[in-house]
Amino acid sequence: MIKEPEAPVTTPITTSSKQLEADFPLIFERAKPGRRAAHPPVREGADLADLLGADNLRQSPPKLPEVSELDLVRHYTQLAHRQMSIDANAYFLGSCTMKYNPKVNEEAAKLFADIHPYQDPDSVQGALELLYNLQSYLEQITGMDAITLQPAAGAHGELTGILMIRAYHDANGEGDTRTKVIVPDGAHGTNPATATMVGYKVVEVPTAASGEVDINALKDVLDESVAAIMLTNPNTLGIFETNILEISRLAHEVGAQLYYDGANTNAIVGRARPGDMGFDVVHLNLHKTFTTPHGGGGPGTGPVGVKAHLADFLPKPRIKQEVTTDGTRFDFDEDIPHSIGRMRSYYGNFGNLVRAYTYICALGCEGLKDVSGMAVLNANYLRIKLKEAGYNVPFDRINMHEFVAQPPDGLKTLDIAKAMLDYGVHPMTVYFPLVVKEAMMVEPTETESLETLDAYAEVLADVLKRAEHDPDFLHEAPFDTPVRRLDEVKAARQPVLRYASEPS
Amino acid sequence: MIKEPEAPVTTPITTSSKQLEADFPLIFERAKPGRRAAHPPVREGADLADLLGADNLRQSPPKLPEVSELDLVRHYTQLAHRQMSIDANAYFLGSCTMKYNPKVNEEAAKLFADIHPYQDPDSVQGALELLYNLQSYLEQITGMDAITLQPAAGAHGELTGILMIRAYHDANGEGDTRTKVIVPDGAHGTNPATATMVGYKVVEVPTAASGEVDINALKDVLDESVAAIMLTNPNTLGIFETNILEISRLAHEVGAQLYYDGANTNAIVGRARPGDMGFDVVHLNLHKTFTTPHGGGGPGTGPVGVKAHLADFLPKPRIKQEVTTDGTRFDFDEDIPHSIGRMRSYYGNFGNLVRAYTYICALGCEGLKDVSGMAVLNANYLRIKLKEAGYNVPFDRINMHEFVAQPPDGLKTLDIAKAMLDYGVHPMTVYFPLVVKEAMMVEPTETESLETLDAYAEVLADVLKRAEHDPDFLHEAPFDTPVRRLDEVKAARQPVLRYASEPS
Amino acid sequence: MHYLPHTPEDIAHMLEVIGVDSIDALFADMPQALHNPNINVPAGLDEVSLLNHLRDLAAKNQTPTGGLLGGGTRQHFIPSVTPHLAMQSEFVTAYTPYQPEVAQGLLQATFEYQSMMAELTGLPISNASMYDGASSVAEAALLAVRQTKRKRVVVSTGVHPEAREVMATYLKPLDIAISEVNLEQLTTSTDVISNELGDDVACVIVQNPNFLGYLETMPTLAEATHDVGALFIAVVDPLSLAVLASPAEYGADIAVGDGQVLGNPTNFGGPSFGFMTVTDALLRQLPGRIVGETTDVDGKRAFVLTLQAREQHIRRSKAKSNICSNHQLAALMATVNMAALGPQGLVELATSSVRAAHTLANKLEASSLNVLRGTFFNEFVVQTNRPATDVRRLLAEHNIHAGVPVSPSYGLGDAIILAATELTQDDDIINLVDALSEIDANIDANQVDTPVEKVLEVAHD
Amino acid sequence: MHYLPHTPEDIAHMLEVIGVDSIDALFADMPQALHNPNINVPAGLDEVSLLNHLRDLAAKNQTPTGGLLGGGTRQHFIPSVTPHLAMQSEFVTAYTPYQPEVAQGLLQATFEYQSMMAELTGLPISNASMYDGASSVAEAALLAVRQTKRKRVVVSTGVHPEAREVMATYLKPLDIAISEVNLEQLTTSTDVISNELGDDVACVIVQNPNFLGYLETMPTLAEATHDVGALFIAVVDPLSLAVLASPAEYGADIAVGDGQVLGNPTNFGGPSFGFMTVTDALLRQLPGRIVGETTDVDGKRAFVLTLQAREQHIRRSKAKSNICSNHQLAALMATVNMAALGPQGLVELATSSVRAAHTLANKLEASSLNVLRGTFFNEFVVQTNRPATDVRRLLAEHNIHAGVPVSPSYGLGDAIILAATELTQDDDIINLVDALSEIDANIDANQVDTPVEKVLEVAHD
């Protein structure tokens, strides 16, 4: 493992440089039979063949890596060094709200790590109280009447919400007649995918020149066959849907339900509530707005809030409070008459619910309002700075927590993104939303300082300057990352999806 | 801070590359008045001027950095990436025993982090029991009769030991006549420095061709004016002093005391004991042999063991056990008649004593014996491999846990060391011991795998190969580190030892 | 302002650059009626008060020890080195590896994860993780429906009740029928399953060890399933696969399950992660992210998200699933943990758990408790003279946390599931046996139900 | 084998390469008599048993809360972010930065540390850290002796008793005389000190706030010291310097102290770190490591260990001290913590502590307890009707950990030092006042000593 220097020798040297060729080893390639890191307690006793029957046993132990503790540590410490992260890099990934994840949340989560979902409820009153409080804080924050904490991610929240809408229409005898879900063409892919999973036909409405949903196009497709409209507000262009109250009126006029994809809540938290906008169902991404870590792509956490008319359709269980003369007691509420059922095992991503709760308690209501204020301030400031740096902003107006830009004509977003890597800066979201060509979707979040925003803009300006001088530079970047541009076609055409151990 | 990419763009690009010039900022340079990271509880109340008197207050608050929590995190996370460490790199620093520091030790230490040194002893019986057990395990491991856990480092242990020896001679009426301390010329600098601090004159004895103390030279200087001989065994060449029993006899014959510098205990732990060799005083470096972390240069921890005749001179307090009919109780023992006094506040580096205790409990006696066995095996193997790679080994015999090599004629150890950095490998100890020219002192420790040793040897071979092809290469390396060769003369001639804030 | 870097001067400067005169002005697009909602959330706290509040809540919980609670989540040994490595902030605060050049850390770790899950289950293709075991069962059923184009799913009631509920929730709007097959004598009968099979069946889903803890005859069940051209879906405890026959060995097409036992704390049930591995034939139907190996322009090995044409961000309404964020960080914990334990450690955990459970069962029987005999792994059923939730509560009063209630739908009367792991010490066993004997004996005569017939012990036990 | 990577095959291969046939053969140089000693240490433990053993020991301790214990070590708020950052394994598992190219992380952090300590104390030169406060006092005295070539040290008994003991231990073999000057009415009298001064005096050492918690008149003491050409050494609580006049402001030549209060847990007394800052004139006499700024070959700013000609590894028997390993990791905790708190946070900690202590004192007096009045910071003395260690033990029985015993040498009779910090809540104060009232009242009449006269309150209080 030494042979791969963390950063290769790049100065011209005359002998061939071995380590430039060396691949970073897999943990399997560092292994050797007989090595081990951890030492569990071992109970002596009967042979498993006697206890379980030899037929039930596997032929040979799984070929997992066998490494010493130090080799294990070196491997995953070095791997951590081959990874950009919020804690080390500016990471303005649009739509993902990559804000600072407070360390105190981790301390809080540790306090609850070892309780079990099937303990006697009287022995987990603290956990239940926390969940109950969180339910009610999220009701307040979203302006909804009831919350389920169960969904495991945003998309899972969407599924929960659309299933409830379907159950609601079913209960109203409209299950068969409402067959469509409307989503804007700028919507995140999970929105149409969710609608399909619930058996709906997806109808896309275009984006108007303003960057908002084309309200006339919406009217054209909105009728009694529509089960729901799914919107993000602000939308994926970072623009607030100014017609939201009108859209809500139109939707409800034809009996459709209005679904709020809460991925962009960071723009409005503490300042405006989807419930007040007329949404019937809301999901929140606690891993975005509420700082729960989701390294590598998850876990998310996607609580769903509903208006009163949908509360009877929530998944089971919710957390209830019982106030008796003996005091207050918390328990699971399984008594939800028309419940859609259950979205996952147990009660949700509890560890992350603790973190989100900790975050809300730290900030309080005023603090939450500052979050959206500073997030929107940062994004607008950066929009101006990127324009100054030479980038296009197709929908150039006051944006919310994020905005979409484009490289100058003739340049590719992909190339810009790759060039940024050498500056130690993580690129923005690229090629999303689909409605903007060469989209660069930038979301700086409220935890970034003015100096970081300025430096980010300088990096982007510098990339353009270099590209002018040396047109090839952009196509070749990055130069200084652990690996350089990857052959993605090969990955898909000849899929290698696991380490193949030698036959032994 | 973005402007300093973690690894600069090193490919030739035609425009000037800003970030190549940028200095990594100091935390002060990331600061801005009014920012803050942490939020302590605040008690309202009277003005300090009223409570303490305005005269006693400082004119203006200290100009410490003011940074947001995310900027703080980025700063120290990025700094961590500018640092080699055992956890990420092979780090065979001779004499320093850079072995793996088990993570479980940290879990153990946390259990005791918040107890206070001035609590009622009955409220810290667990801590006292641990210290008592550790005292007795270290007695067993060293073969000594009594241990003090107080000293804060190896050098501090030396001071403790030599002070005790002086007090002992004083008590015997020989305080004025015994004026010298003998140390080998290969001794660590702390040995002579310690002798001086205790008012002794230092007499150096040379190293024989065997790599051991020149016993005839020793005899020449050994007489009744000698208070002590300080030895490391194995010595700093990694060679066991085969005449140790003879030396002990000679020392005691003239009434001198024999002091064991325990920095090299990793070579013999569990297999041989300084007490059995005839040493009267021993210090251990728990931060070396017993895996307590000492990032950046400390904290060390240097318990001292003595034979019975010196026990009355130990510093206060020690930990005692009282067995009564009510059970066992632990307390501080202040009743040490001729105690030299006190070496530091409280009872020692308790947090590290917990870690060392945890390590000893994990390994047990057999495990300790494996430590020295594998440490010595690794070092001998690597000695052979470096010889094969083209390095000289001046004292070429079976060594213990470390050995000293030299580059081929004409090459400088400093250059070799700098060239290693580009491979992600931390160099060995260089230019120590002083008795070997261009010394390269290599201590691989027992936690390194065969593969790492082979890779290390390959790196050293590769450095020589490159040096042959391109003689300048060695003088210019490293190429790929966060900074390159430093101007050390400038640092000393025009000392800049702190950040100078602008006058405000 | 917690976590915010903005000084008043910063704000003034930025507003000026933007060309508006207040923060509120940035929100002018919002209809007036939406502004200034009344949000009833307590005021913010300093860090000490915050942690004191959380500690007060935590103090109202009792933390189980001894690994006696099962039911899909169990406390197992997690070496200190595992969270230390998996929770490095470079891993924790990254997101989906969209830029592979600077995400090799997590991409490679995920590739290692996929390799380990493939190794454990014997099935060659693993996705990068899913939400949990229950939702993975539902996704597996959907996969089978897509692949076979059939619309009936047969599932044994040995599958975790919550997983069956989740599957029912997912499948309902798609008009997919579910046929539940009850256990016979604690396990799934191949005969009874066979009676349910036909060429309209997309898959058969069986859990091993089943929810009650007993081993199923997976090979015959798989054979019967394949006879009608359906897919066999094995729901497995991945830790058990250290010693039990792998899904590949008995011919499963899909293996799914919950990964908590591989190195995540119990966390009151989440987050853990779901896993799914499949045969090569099912690769293009697999939901969720997949990491593949490739090379970079210099020819170096590198890892990248691949085969994304299955996913929602590319295929939108035609995607195989709507899943986007998965449970990668929990899967990383498992990856590091499996590497820390190695095969030997994993076998030790599984073996010690089985032995502890069998010792517990024997001791309970010796104390005349009604253990239901069968070939069980490290969980098993005990019938009780009181309602299960009462037993659990009374045990909790002894500070013993054990006894997952068995639903009446199993027809076993009042019964609890007990578990044991390598963390179960002899004292834990003795205390549980004593407490349970006391609780079970100490009951009004007229409350006692007749226990159902004791199931015959399986031959080789 | 814990932590060892060697397989039997590895060992065989390596022995072969070396050319010996056993591990024991590698130890052939050791005299036979030394082999196989009988070492009585218990057998090794698996990780669960290991942590259980440590937890059992920890359970025999009571952990203080509320910051009521002082005496040189106090519990203060440490934000979660501090240990997270300071304890990153790249920092924790590095050693002395001998190779600056790959140690800029710790070198720069140490430079930042030096800058912060210079800022706090006002003295321009800081070393990189020392063992603890007490040994730093001894090193400061040695520095003064080297610099002035005088061999008498004057020290106030307001200096921590353990620091004075350590100094005495260090100085004894070097024939340096120590003149201890007793406190008058809780503080050091300039008149009494002046009486001790002469041109044989190397330095005067005064602690502020002194060990009992009271503020010294540092400016006049410094002036008197300088009048005889001696150095003035201020022993200071670094946290107090957030609000108290800095050593530079009152003319100290050297400031030393213990850094625990800046961000290290109490740790039963260690490890924390000692600090030492000095005037420019004393730079070449400073013991310990120092980091300096320079540039690299490309002109980039970089940091490096410098001025090493003072140190043992270069100067050997002529070094300024024998110190080698220092307490860098504890100093790093303080560095990160000061940056986390910033000046505002540090001022808040100090101010809240002072207020809490004064509130406590007022409440105790209101309950007729015998608070010794004077200008105190966040610790002060209460006289008691029982021996101090009894009071402490009885408080511990109320689960209140408070009351550092005052040695009889202070002539204050039975007395304890009480402390308060920003962590002291109103409940802590009430509980302590109640318990102490009860303990102090509830005593045999014939055991009561006459309390010494209550010291007059200082004017501006």
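Going in written order, the chains are labelled A, B, C and D, and every chain counts its residues from 1.
The rule is simple: a residue touches a chain if its C-beta (ideal position, glycine included) is under 8 Å from a C-beta of that chain, and two chains touch if they have at least 3 such contacts.
From a predicted model like this one, the values you see are computed outputs, not experimental measurements.
When the interfaces A-D and B-D are ranked by C-beta pairs in contact, the top one is B-D. Of all chains, the one whose mean C-alpha position sits at the greatest distance from that of chain C is D. Looking across B-D, B-C or A-D, the pair that copies the A-C interface, with over half of its contact pairs the same by residue number, is B-D. Chain B and chain C have Cα centroids separated by 46 Å.
One finds 20 Å separating the Cα centroids of chain B and chain D.
Across the assembly, chain D contributes residues 2-5, 10, 47-48, 51, 77, 79-81, 84, 89-90, 422-423 that each touch 2 or more other chains. Counting partners per residue, chain B has 32, 35, 38-42, 67-71, 73, 77, 81, 86-89, 100, 102-104, 106-107, 362, 447-449 as the residues that reach two or more other chains. On the chain A side of its complex with chain B, the touching residues are 1-11, 13-15, 18-19, 30, 32, 35, 39, 68-71, 73-74, 77-78, 81, 85-90, 100, 102-103, 362, 422-425, 447-449, 451-452, 455-456, 458-459, 462, 465-466, 469-470, 473, 476, 479-480.
Taken in their complex, chain C has these residues touching chain B: 2-5, 7-10, 46-49, 79-81, 84, 89-90. Of all the residues in chain D, the ones that touch chain C in their complex are 47-48, 51, 77, 79-80, 84, 89, 422-423. Those residues of chain A whose C-beta lies close enough to touch chain D in the complex are 32-35, 38-42, 67-71, 73, 77, 102-104, 106-107.
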